[in-house]
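Paired with chain B in one complex and with chain C in the other, chain A is shared by the two complexes that follow.
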Partner chain A sequence: MKQKVVSIIKENLLEIIPALENEELSLDDTFVDLGANSLDRGELITMTLERLESESSRVEFVGAQTINELADMIVEKG
Partner chain B sequence: MKAGIEAINIYCGSAVLDVKELAVARNLNMERFENLMMKEKTVPMPYEDPISNGVNAAKPIIDNLSEEEKGKIDMIITCTESGIDFGKSMSTYMHHYLGLSRNCRLFELKNACYSGTAGFQMAVNFILSQAAPGRKALVICTDIMRTNIVEDSLDFSFAEPSTGSGAVAILVSDNPTVFQVDKGANGYYGYEVMDTCRPVPDAEAGDADKSLLSYLDCCENSFKEYQNRVEGADYETTFDYLAFHTPFGGMVKGAHRTNMRKLKKAKPDYIEADFQKRVTPSLLYCQRVGNIMGATAHLALLSAIENGNYDRTKRVGVFSYGSGCCSEFYSGLVSPQAQESLKKYGISNHLQDRYKMSMSDYESTFHVNGKLKFGTKNFKVDREEFPEPYAHVKGKNKLVFSEIKDFHRKYEFV
Partner chain C sequence: MNVTVTGLGAITPIGIGIAKFTEALKNGDTHFSKILFEKEGVDYTFPIGNTVGFDFREAVSRLPLEQEVMDRVLRMRNLSKSASYGMYCALEAWCDAQLQDAVSDRSRVAIVSSGSNIQQADLYENYEKYAHKLRFLRPNYALNFFDTDIVGALSEVLGIRGEGHAIAAASASGNMGIIQGCRLINSGEYDTVIVVAPLMDLSLFEYQGFTAMGAMAGADETTDVSKLYRPFDRAHAGFVYGQSAACLVLESASHPVQRKQQGYGSILGYGISMDANRNPNPSMQGELEAMKKALDHSQLRADQVDYINTHGTGSVIGDKTEVEAIIAMDMPRVKVNSTKSLIGHGLSAAGAIEAVASLLQMKEGFLHRSNNLDNPIHEQVQWLRETEYTGDVDHTLSNSFGFGGINTSLVIKKN
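Entry: the complex of A and B
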């Protein structure tokens, strides 16, 4: 499950910030370091939950700083 | 039975700061700053407070009424998170300086930036209930944030350029020349969340990221509830314009993009064109004032009305969000006569007429702001301390805040 979530997060991140296309994305880089502002992070959470057809509220995922952290939270909370 | 806005006017101060200068001075990341989509912020002067701003917004509306019509105002609802007393409502002061009938309900409402919509909807329901046919309600949304120290916290570094000061006054009646509400077309959505708040007087606290996510959750869910209640409602085709609560322009752009993608499966280029067409008119005034919290949703609505094209009657969708939180999506009709009826207030000229401050002018207001905190017992305002902005007020029959004496605030028309 986590692998699937991670790859969806990565795909969405590339859609939001196309400049990351040729970058090596570390799962532990912070979204801020990857150039995602708060609106981008909000969009990333929205798109990821959408792709997973999750009905969870976005606010439940506040505080996720990295791809790994966000994936863990999504796996945990559904 | 019709109900809605008969008249609406604003007062957004006498001094303004170009927020780009502020961003440079504060060493903000300029790319992030551009995402805010803000241009200017009203800087509150010591002789302006939420009460004087409210009166200055409402007075041109009241002055335009006959004595008989004035006597029909049955309540003043002040909508704010900048109250000056836990018990006494600001409506009592505003009622006095507006010279309205004593047969009038006076009270204050709060729920962060949702307060204006809470007050507006209560007024609309009072009219629609027909409990007092032919009567009117005056809703005054007024908020202020006086900066006295600059926080180091990164979370709030972007709050300084986006926070404003000002008031929107709305006369609600059964003669809705400006905005006729769609009766019963209201989707509400609220729950307990600790996003942003004012747990102590004169300062904000909270988590900006959480607030952004909560705004997005509410924007989607309040619209879905609107759809549940309005048969056939469609995010794209039902509304000619959209006016959202605007903490900063980029937030509205982000929420609209999310809605268009999620609800309409729209692609980025299409969303951008739709944003320019249906949303941008609502942002123009907000970008020049800053976030005035409880008053912002109606500042956005007014901006959409004054800056849109109404060659026929068009529908505007309104989204209001207040931290804590409560939100609402509602709508109404704007006729081709609306713009003409607002011309007499010269709203765009008022925004243009504010004194343009330098960074050092702006920072020189901090020390006096520090003395004007909640609970101040005695204080005399030195109007001449900032002569350039004051010259934009003097001789224009504006109300200015002059003194606090034993907690009682005093004002004068100058």
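Entry: the complex of A and C
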């Protein structure tokens, strides 16, 4: 499950910041370091939850700083 | 007044970019078709002057922009169709004015965007898409729905740090934007103002609303759309919407001289009046007042005007009222056409694209034909009908009138 979530997050992140296309994406880089502003991070969470058809609210995930953290929280909260 | 127009940008149904639009005006081209919607099992058909073949990234990539600016444009996400049309026009005009190296202090540059509720198609698409899953609505919606999204986006791309806002006056929004730009320059606060009129992108609701009101010409599967739109012709039956966007770069007169830029022309003056009437119906007195004020402001006599770029929407009462106002102005030499007859009615962008059309005609020394003007409603006007006119055009009056009794007129002088 986590693998699937991570790959969806990555796809969405590339859609939001296409410049990351040729970068080595570390799962532990912070979104800020990857160039995502707060609005981009909100988009990323919403797009990911939509793809997973999650019932969770976006606000539960605003604390996630990295791909790993976000993926873990999504897997945990469903 | 002391305002020079140094850069132009345009997207219209008959040409994308200033060069193609100029050629199309000379040829008197048109591009009308029909747009179909389906809602709850019911089909809706409307006429449209449609713009095809505009690819934002491809079009922007062809502009001679600095690499840094180009990178910032191409990184932009979530630009609505309306905003992307406006952005292209603004960048084309910025390049055309050769401002890239000329503006050292970007706090002396302002941005004015013309029109309100210009992104209706985009908003409607969001309502439909998220109607049953609203919790997934993208956070960006709360940024993008503002009409000023184009202002912020453009300021980021070009590093503009002066002031920015949107100004609206229904179908006179384009002219009001230009007037606002002139006021900002005349105040001495800004050397340069980018006046952008993004596409007014209609949703099914606006098409249906205008049609229900009787303002938009009706079409069904049997309608020959090439013959439908006929401003000032006896068989006129309402307006046909056209997808246009435009930009004019305005500068204080001394500013472009420093870099030996002559510019297309000058905005000599403007006139505005209201009819004290909330409704869509026009007023001869109000239109006359706006034109008179524009001439007074320009210190010009009526017999010095060569050409009127009419509001000319093809509305029965609107056309009649404007002709009466023109005749009352007593301008013996004046030639008259309707740019809308070729490109359709751009609504909030109409005044801006028609000012662009006026400047291009003056620069190139021609006046375009009016489409479908077979039997004019009045003989006392020198209509430009089937053939274009070639010769000097020194002074133009460009009219734009909006619902709610808003009348505006610009005087443009050739440089």
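Keep this in mind: the second predicted complex is superposed on the first by the 78 of 78 C-alpha atoms of A that agree within 3 Å, B and C clash if a C-alpha of one lies under 4 Å from a C-alpha of the other, contacts with A are read in each partner's own complex, and residues count from 1 in each chain.
By definition in this document, contacts are C-beta pairs under 8 Å (C-beta built on N, C-alpha and C of every residue); 3 or more make two chains touch, one makes a residue touch a chain.
As the structure is a computational prediction, the values presented were derived from the model and not from experiment.
Chemist: What does the overlay on chain A give for chain B and chain C, a clash or a fit?
Modeler: Result for chain B and chain C: clash.
Chemist: Contacts for A:37 in the overlay, against chain B (first) and chain C (second): which applies, first, second, both or neither?
Modeler: In the superposition, A:37 contacts chain B only.
Chemist: Should A:73 be classified as contacting the first partner (chain B), the second (chain C), both, or neither?
Modeler: neither
Chemist: Is A:18 in contact with chain B, with chain C, with both, or with neither (first, second, both, neither)?
Modeler: Once the two structures are laid over each other on A, A:18 reaches chain C alone.
Chemist: In the superposed arrangement, which partner chain does A:57 touch: chain B (first), chain C (second), both, or neither?
Modeler: After superposition on chain A, A:57 lies in contact with both partners, chain B and chain C.
Chemist: With both structures superposed, pick whichever of chain B and chain C touches the larger number of chain A residues.
Modeler: The partner with more contacted residues on chain A is B.
Chemist: Would you mind checking which of 5-13, 59-67, 77-85 or 221-229 on chain C runs into chain B after superposing?
Modeler: Superposition on chain A puts chain B right on top of 77-85.
Chemist: If I apply the document's touch criterion, which positions on chain A are contacted by chain B in one structure and by chain C in the other?
Modeler: 39, 42-43, 46-47, 50, 57-58
Chemist: Can you check the complex and tell me which residues of chain C touch chain A?
Modeler: 75, 77, 133, 135-140, 143
Chemist: With touch defined as at the start, can you tell me which chain A residues reach chain B in the complex?
Modeler: Listed in rising order, the residues are 37-39, 41-43, 45-47, 50, 57-59, 61-63.
Chemist: Tell me, which parts of chain B touch chain A in their complex?
Modeler: On the chain B side, the touching residues are 32, 35, 193, 195, 207-210, 212-214, 216-217, 250-251, 253-254, 257-258, 261-262.
Chemist: Applying the document's contact rule, which stretches of chain A touch chain C when the two form their complex?
Modeler: The touching residues are 16, 18-19, 39, 42-43, 46-47, 49-50, 57-58.
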